[in-house]
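Would you mind keeping the following structure in view while I ask a few things?
Think of it as A, B, C and D in the order they're written, each chain with its own count starting at 1.
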Amino acid sequence: MQAPAMNVKQLEEFLVREFSQFFNPQNGLTIEDVRHSGARVRQGYNPLFVRPGGTISGPTMMALADFTMYVAVLATIGPVPLAVTTNLNINFLRKPEQRDLIAECRLLKIGKRLAVGEVMVLSDGMDEPVAHVTSTYSIPRQS
Amino acid sequence: MQAPAMNVKQLEEFLVREFSQFFNPQNGLTIEDVRHSGARVRQGYNPLFVRPGGTISGPTMMALADFTMYVAVLATIGPVPLAVTTNLNINFLRKPEQRDLIAECRLLKIGKRLAVGEVMVLSDGMDEPVAHVTSTYSIPRQS
Amino acid sequence: MQAPAMNVKQLEEFLVREFSQFFNPQNGLTIEDVRHSGARVRQGYNPLFVRPGGTISGPTMMALADFTMYVAVLATIGPVPLAVTTNLNINFLRKPEQRDLIAECRLLKIGKRLAVGEVMVLSDGMDEPVAHVTSTYSIPRQS
Amino acid sequence: MQAPAMNVKQLEEFLVREFSQFFNPQNGLTIEDVRHSGARVRQGYNPLFVRPGGTISGPTMMALADFTMYVAVLATIGPVPLAVTTNLNINFLRKPEQRDLIAECRLLKIGKRLAVGEVMVLSDGMDEPVAHVTSTYSIPRQS
């Protein structure tokens, strides 16, 4: 089993430096685990995420999944600031609880140009996923 | 041509009442146009949306597209607080400028259970779209 | 663990009767395994599937994934002839070999109206998937 | 308005030579129109396409949309045998009639690495689409 290209501490330092608009203490994000081809990120609960019917907003789940995919790509190929999402597809499966969200990403392909992965989003402590995401990142050519 | 079920003023009142966590003066959203089967919404520029490389964050575009789709559904079938997104697919096409975003939604199907639509997202004043979204809403059974 | 609503033999009889345009001896499909919430189907190799560059055609993989999802839905909720696909999203990951394809489906949600699942498509005997599919079926109301 | 890189006759010759497993007289496909960034293809009706409930099979529509996207890419960038689909997302909107299908493709982006487009699929003579597709092709580096 291959080692990750960056560990949690290296990822946090990179993201605070390059991506602080999203990865900052106010946003309640914690990188819980990284490995070659995967990552798990926790989104702390915030009442601002709640929507009619007591659910968590879809964009909160989309943003978390997109970020977790980015963390998994960095953990696998190392620091690439300008990797960008080209496609994201999300299926909303169940109403999330008013608690933390956990996103678990697994990369399905890491090519020279494209990385493709899937992300399961769960309400903390629940077994069944609240959303499932597949996503593609475009990887800039290394100079 | 069928009239919309709600006009812009009625939509604003409904959304302020039912959806104020997202539709509020701080968020910079303006419903510019609604019709039966469509809507156009503007997202005012906010420096918080900017990401590495000078782009606007993907989740900003996803949230705008999802909201515009919801507005188009409401404009077509009337006030349905608990319609929920079941699927959203986004292709990111070009780097957005640091200016307002415009989302233009067109519904492709309005069934009894599901509404399907597409949304073009543009940087204000530019011709070519920055993102394209297709999305499905589940419509609760009317009692 | 819940038992499947139909076993392989019952599924074959149902599909030969209701779906013989696709499920017939010429098509080379074998239902290898079913369970509550899942199914595995093999598509026998056919030189007609080959495309430029020695790959298997995308539509062959899409048709197999769609069928495997249908088998998983039937295995879970029983014989429902008119369940229909509403959405299918496929990511092509690697060039398939010129050999059988295996599709492994897992349902992520089985609701009253919608079933959502994912399907991994592999070249027989290889470890890494050639395609990944997510799909939604609409389930007709039972009378 | 830019001229297409290949006209209908040139496309037919190229496809008969490079892609005859799919583009051949038995398959009932007609390229009706091409332009820079778009194409329209007709799929002649075949009773083999029919499925339970009198509908046309989903894979028939997926294969047609994928092919029409390929034609539009070729019409725009010229003969590239090894361009491959990386993602395809389809929403099935209405039950198709038992008649020809028409696919109308419009490219949304033609980059150096990726082309993204959307395809509307209609039953011949009907106004409302039976399916909507978005698709991404990966374009090989030119040597």
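Rule of thumb we're sticking to: a residue touches a chain if its C-beta (ideal position, glycine included) is under 8 Å from a C-beta of that chain, and two chains touch if they have at least 3 such contacts.
Just so it is clear, the structure is predicted and the values come from calculations on it, not from any experiment.
Following the contact convention of this document, C, D is the list of chains adjacent to both chain A and chain B.
Greatest centre-to-centre distance from chain C is found for B, with centres as Cα means.
More inter-chain C-beta contacts link the pair C-D than the other of C-D and A-C. If you average the CA atoms of chain A and of chain C, the two centres end up 29 Å from each other. One finds 34 Å separating the Cα centroids of chain B and chain C. Averaging Cα coordinates per chain places chain C and chain D 23 Å apart. Shared contact sites, meaning residues of chain C that touch two or more other chains, fall at 86-87, 89, 91, 136.
Contact residues on chain B toward chain C in their complex (touch as defined above): 86-87, 89, 113-114, 136, 138. Residue ranges of chain A in contact with chain B, taken from their complex: 18-19, 21-22, 48-53, 55, 57-59, 62-63, 66, 81-82, 84-92.
Looking at the complex, you find that chain C touches chain A at residues 89, 91, 93-94, 108-109, 116, 118, 128-129, 132, 134, 136.
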